[in-house]
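Since the structure comes first, as structure tokens, the remarks are kept for the end.
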Amino acid sequence: MNLAPYRKKSPWILHYNAGGCNGCDIEILACLSPKYDIERFGMINTGNPKQSDILLVTGPVTKRSRERLVEIYAQMPEPKVVISCGACASTGGVFRGMYNCEGGVDQFIPVDVYVCGCGTRPEQIIDGVVQALAILEKKTKGLEESVKLKKEAVKEGHQLNRRHIADEIKPVLT
Amino acid sequence: MKDVLIPVLLILLAPLLGGLLYGFERIVKARMQRRIGPPLLQPFYDFLKLADKRRMMVHSTHAFLGIMHFVSLWFALAVLLLGGDLVLVIFLHLLSTSLLILAGYSTRSVFSHLGANRAAISVLAYEPVLIIIAVSIFMLNGTFDTAAVFTGKEPLLYKMPLAFIALLLVLPIKLKKSPFDVAEAHQEITGGVELEFSGLFYEAVYTARWLDYIFCYTLVFLFAGSNILLGIGLVVFTFIYLNALDNSTARVSYKQMLRFSLGVAGTLAFINLLINSFS
Amino acid sequence: MYSFITGLFLLPLIVSGLLLVLPGKISKRIVILASSLLAALALYIFIYTTAPLYVKIPGYVNEAVAGADILLLVYFGWVALRKKSWLVGILTVLQLGGLLYLLKALPESHSVQFMVDKLSAFMFLLINVISGIIALFSLRYIEEEDCSAFRKKYFLSILFWFIGVMNLLVSSDNLEYFFLFFELTTLASFLLIGFRKDAVSVKNALTALWMNQVGGLAILATIFFIAYNGYGEATFSTLLAHTADKGILLPLALLAVAAISKGAQLSFSKWLLGAMVAPTPVSALLHSSTMVKIAPFIILRLSPALKDTPVAMVLIGLTGFVFIAAAIGALAQDNLKRILAHSTIALLALMIMMGAMGTPVTIVAALVLILFHGISKCMLFLNAGVLERVFHLKETSDMDRLGESGPFTSLVITLGFMSLLLPPFGAFIGKWLSIETLGALATDKKILGALVMVAVAGGGAVLSLLYFKVMGGLISRTGEQDRIRFERTGPFYSVTIYILLGLVLAGIIGLPLLLTHYFAPVAAQTLGQPVPVITEGWNMYVGSMRLPIVPLLVAFFLLPVTIITALFIRFRRVDRASEYMCGEKLNYSFSSFYFSTDRATPYFYAAGILFLITLLLVALI
Amino acid sequence: MKKIETNLADLKKDIGAFYKPELHHFIVMNAVQCGDKMEVQWFFNDYAYPGETTCFYALISPEEEVPGMKDIVASAWVAEAELVDLMNIKVENTMKGFVLEPDFESGPLLKKK
Amino acid sequence: MGRQYEIPVGAQHISLLEPLHFKFTTENEKIIRTDANVYYVHRGIEQACCSKFKFRQVSFVVGRVCGLCSISHTTAYSQVAEKLLKLDIPKRAKYLRMLVIELDRIHSHLLCLSHVAENSGFEALFMKTMQYREFSMELLEAVCGNRIQYDFSIVGGVARDLKPETGQLILQRLKNFMPQLEELVGIYQHNRTLSLKNKGVGVLSKDDALRLNVVGPFARAAGLAVDVRNETEDLLPWKEVGFEMITDTAGDVHARNMIRLREIYISIRIIQNIINGLPESALLTETKAFPDGEATVRLEAPRGELFYYAKGNKTQVLERLKIKAPTFSNVAGMVHAFTGNEYGSAAAIIASYDPCLSCTAR
């Protein structure tokens, strides 16, 4: 039985602020509110990586949050998509090149949807999520290769020990 | 034939009914919060999606206990619907809860542990009340068998209104509804014992919640005896009451919950027990 | 049959003597041989006893018994002098005075002194099988004890002596004999509790001594009142023959006091809690098969007479209170042995309550509880010993790593606690039968029944919280360890625990059989009325209570099988993820809820004393 | 803004004499590079209207250890810990690593020569 | 292991908007010690402002210090730059700055209140508050052109003018909002379970507030009358537009909720006064000078006193810029006020501080 079509009917989101200015975070919160009501799409803000499908990351990745970002990414079971919300999560934005910023979520984990804006609007976030759902349907269940993870892509059906993925993060000095 | 067929059908369809009930409840809740809410079949979409996830767990003991929680809860529900002994049903339910609590304890995860601690406290809060209610029922019927309640002439509600109120007061604890959802407490311990489950293993715990709905509403239905109309009325009333309560209260602390449940609900059930023993 | 019973009486005593003189190597074999022989004898007697067997004893033995009594009391007096314990002194003087008066005033008895009926045979089974296992366990345990070689032999010797005395005690009909053996068990426990000879041990041993002496005094008073009322000889049979008489209430109440003191109910609970200082096999012995089980035994013996008397009502009230008080007290404990001790007190209360109610179902419930509580508690205590010796753990809060270092021990302790709490274990069946019968009591006795009902429901919930707390610490381990390897603890430790585990699990499957063929006849003979146990399709009826077999059998697969499978199962092709710690990778310290009941304890004791006074007052009026 | 000069030896005495919890509140501690020297500043403000900002400052060389203010101003530890990491000065009883990861170069706010 | 239980909250936790890490050491879920790590968001803005960006660009950078109170940051920076340039700005610009600051305060306070409700386990109230909050976001969009990150203040004045019809729209929406605000006050004040969760929880006494130098609603709830709007008038004429100090005495979460709700009334009054009495003048004062000397500026952000220190050296790039955010002053008080509370209330207490760590860490 092909269950892939049901993935997009029940996307549970996890939100992580990797060092942003809060602007996008409150807009994510606003998405939950009655005006935008993201639960229409079956979304729940789980707050728990182990039961989430979509990771919403905001903010340029600061040095202190980079390992936490990879850790919670590793704790999410595939298939999963990552949405970088806002300019700084996508590229580093105005913070790019600052001494404590790594600049952009895609430096660490594979990102599927980039949502623009500073700060990004709820409509844009919802649009990004809907685009992510289309990607989610096509995803495989293997772990994806990434810039800093230094992990080979893992095929479906093989056992993977995720316990030490974040240990392999090496600091990048700019 | 009919006596057996309906319970068996109910038992087999329990997850389905529970899922529908849960989906409907999510809509009602959303409407109460002036939102549109998810579609009615949302729980089943969740179910199918969870089955599709890559499998992941902390360790095998933990995952296995979660599955057995679902199995044993279904079994407890079956015994209840087939007219089994009420005290035995309560203890079987305790057994299934205890498997989940043990699963919570079995990992070295802080929130899972905390959730298990709180779930154990919740057991302390509602179990004595349920047992007292069961004994009150025994006094009226002379037997603990729920079959006798389902076939009884007069609805229990007329004889034990206080016990019914006590049941209503402890149901939010069992169903993890505000104000007594300390065991789940999303903002505090992110789901408690459910936290470490994922994918297919979480599915077992997630579906067990649907069974818990059926279990609790069957307990409510007991108070109507053989009067099906009254039973449906009670269930609808309880449904509305639970959702209204959920939407108008904040979560209290576990100490306040324990004090309230044992103090108020326990006293009500006890008074009802005394009344029953004197009448 | 006579010879078998005599063997059961004399074998432990002979072994006890031999162990003192023979060298260590041979004594090991003797212990193994004697334990298995005793178990076999007890099993044989239990299976083949039908009608009560009366044993007459020649007159000169009576003299010897009287002499032994006096010797024993003199020894107590000497202990009182040496340890400067005025309580023991006063009680000894009182006892000695009473005994001498009775010896002088009472006529020489010539009737039966021993009566072996099914209840005694049931107790034989419990005493000899469980104590034998404990003796095997002690062989290894005592080797690691820090004391002289003679003291080690002495320890085993007292153990067997204790078994012998218990065997005699549960079969004596004559109250004078009963008094002697009662006091001899007191002496044995006094010696065992004080075995380590440090200040705390000596103090707690003295506490045990004087508290149990109160019970002895109560027995002496019983004998006096039986004579005073002119019922004839002071035997249990006499008491049961005069059930209709009103004057019997006082002797009954006094014997109940004796039972309460032995059974460590409030406010005598201190001695059992203090007994923790002794080597762990002693605790196992005291809690599971001997000593405290005298309490439900006395009540069961008297249950036909006790039934529906005011004394029984007070007793039910007291035990209901003790059940919840002990459960709450247990919640505040951290030491594993103290937790076990509190739960023993709570369950003993339940057994005494069931005995005092005296209906067929309750007697069956009491028997089930006595047997399965004995097995489970013995297993738990022996594991506590293993923890102490192998893992050097005593506090439950230190045991959070046990699931990693000692998975087998943690599994067994988990199962042991579950067996006290959940379906389908034997102890649960006993508890369940009690709740069901309490419902009937509440219909019958209104307020008392309702109150006791609440106490049992509340106490049960508190106990389940406690067991969760302990099990939670035991079962936890990190995700790093997915494969379980059982630890090795040594042959004597593991074999005994395997046997007990087997007994616990066999109890689940064999329970229907045991109920129909063994428990029901025992209860029938004890009560003097038939106890119907009918199997009908998938249901079993004990009296009016229905035991559905299917749910229990399924529950058997759900719980013990689940717990054991959960440890061994390994899911393949499933990813291992780390625990969710908010993305952090720090180590956090764990604990559980704790509770303090220091403030409530004095009130509990005061309430216990109040109940005791009520008990005597009710009997007098 | 009122600026009062002080030195490391008199610092605690001066601030202790000035700071009354019910009259002033501590705002922040700051450091500015002045050539080879470092100007360390402590800002206080009145609760009254119009509130005036008072700034104590001391010129130190980068190796010198600045006395901690924690016993006079209970909430000063946050500001001290931050300055230690960002400006690479030494403050009594304050460890590095509160603001920055251990692997980072010290004193990122210092102007590079 | 003993009786102590260490509970982490953060970096990622559902009750937190921002990454911060609390380690609560608890006994029976009662907090006995709190360790806080608030520097997850440290990005290095101060250094960038003094090296990468010219002083006129900095006002857009400091706006990104915090998304919730970006107008306070840009305004405070503009003011400190104007002080360095010795610039006087038009009165209409001052009024417009106050208007946006107060609108921002309304949205920030409502967000904080809804977050407290959510973390107290009162989901319906969270939804309700968020729903009512949307009007302020729409108004801000109408005034500044963006829902968050307004970039409204620039050095020398403001970037956009307020059209009269927008002013009328604001007045209309505020009038519609009043009954909704009454409803919220009723719920926050009287809901029984919410008071169980909030009353007497997370208490900071007045003495501690003085000792630990806390600011903003956190301090005002403890009875400490500290509000920059009450202390200075040289830069923004607060008293002219009807500012009023609000304090409470209880110092608990409930008091902080009430302070925020009552401040919304004051903000509404200020906004109405500003729109009704908006002076006509230019929006911007131009200058070609470079910043020189040092200056400090204090401004009341929604969370309390915002402090800017700047030093110029007659070049395009500043010598030093120091930002002291309100939460920076509150960290010591925050860590202090957890002790003795239930862990179950911790999330609600955190939300009631309304911590703004992205400003604190910069």
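Think of it as A, B, C, D and E in the order they're written, each chain with its own count starting at 1.
Note that in this section a residue touches a chain if its C-beta (ideal position, glycine included) is under 8 Å from a C-beta of that chain, and two chains touch if they have at least 3 such contacts.
Being a predicted model, the structure only gives us computed values, none of them experimental.
**Q** Return the chains common to the contact lists of subunit C and subunit E.
**A** Touching subunit C and subunit E alike, sorted by label: A, B.
**Q** Between A-C and A-B, which chain pair shares more contacting C-beta pairs?
**A** A-B
**Q** When you take the mean of every protein CA atom shown, which chain's own CA mean is nearest to it?
**A** Taking the mean of all protein C-alpha atoms as reference, the closest chain is B.
**Q** Among all chains, whose Cα centre is located farthest from the one for subunit B?
**A** D
**Q** With centres defined by CA atoms only, which chain is the most remote from subunit A?
**A** Measuring from the centre of subunit A, the most distant chain centre belongs to C.
**Q** Starting from the mean Cα coordinates of subunit D and subunit E, work out the distance between those two points in Å.
**A** 24
**Q** So how far apart, in whole Å, are subunit A and subunit E when each is placed at the average of its C-alpha atoms?
**A** 28
**Q** Once you find the CA centre of subunit A and the CA centre of subunit D, what distance in Å lies between them?
**A** A distance of 39 Å separates the two centres.
**Q** Roughly how far is subunit B from subunit D, centre to centre by C-alpha average, rounded to an integer in Å?
**A** One centre to the other, that is 58 Å.
**Q** Considering subunit A alone, which of its residues make contact with at least two other chains?
**A** Where subunit A meets two or more other chains at a single residue, that happens at 16, 34, 46-50, 63-64, 68, 72, 77, 99-100, 162.
**Q** What are the residue numbers in subunit C that touch two or more other chains?
**A** In subunit C, the residues touching two or more other chains are 479, 573-578, 580-584, 588, 590, 592-593.
**Q** Counting only residues that touch at least two other chains, what does the list for subunit B look like?
**A** Residues 33-35, 54-56, 110-111, 113, 186, 190, 195-196, 198.
**Q** Going by the touch rule stated at the top, which chains touch which?
**A** A-B, A-C, A-D, A-E, B-C, B-E, C-E, D-E
**Q** How about subunit A: which of its residues touch subunit B in the complex?
**A** 3-4, 6-7, 9-10, 12, 34, 37, 39-42, 46-48, 50-51, 53, 77-79, 141, 156, 162
**Q** Show which residues of subunit A lie in contact with subunit E when the two form their complex.
**A** Going by the criterion above, the answer is residues 14, 16-27, 29-30, 32-35, 45-49, 59-60, 62-65, 68, 72, 88, 93-95, 97-101, 118-119, 121.
**Q** Touching subunit C in the complex: which residues of subunit A?
**A** Contact set of subunit A toward subunit C: 16, 48-50, 67-69, 71-72, 74-75, 77, 157-163, 166.
**Q** What part of subunit C is in contact with subunit E in the complex they form?
**A** 397-398, 400, 581-584, 586, 588-594
**Q** Could you list, by residue number, the parts of subunit B that touch subunit E in their complex?
**A** So the residues of subunit B touching subunit E come out as 32-35, 110-111, 113-114, 178-179, 181-182, 185-188, 190, 246-256.
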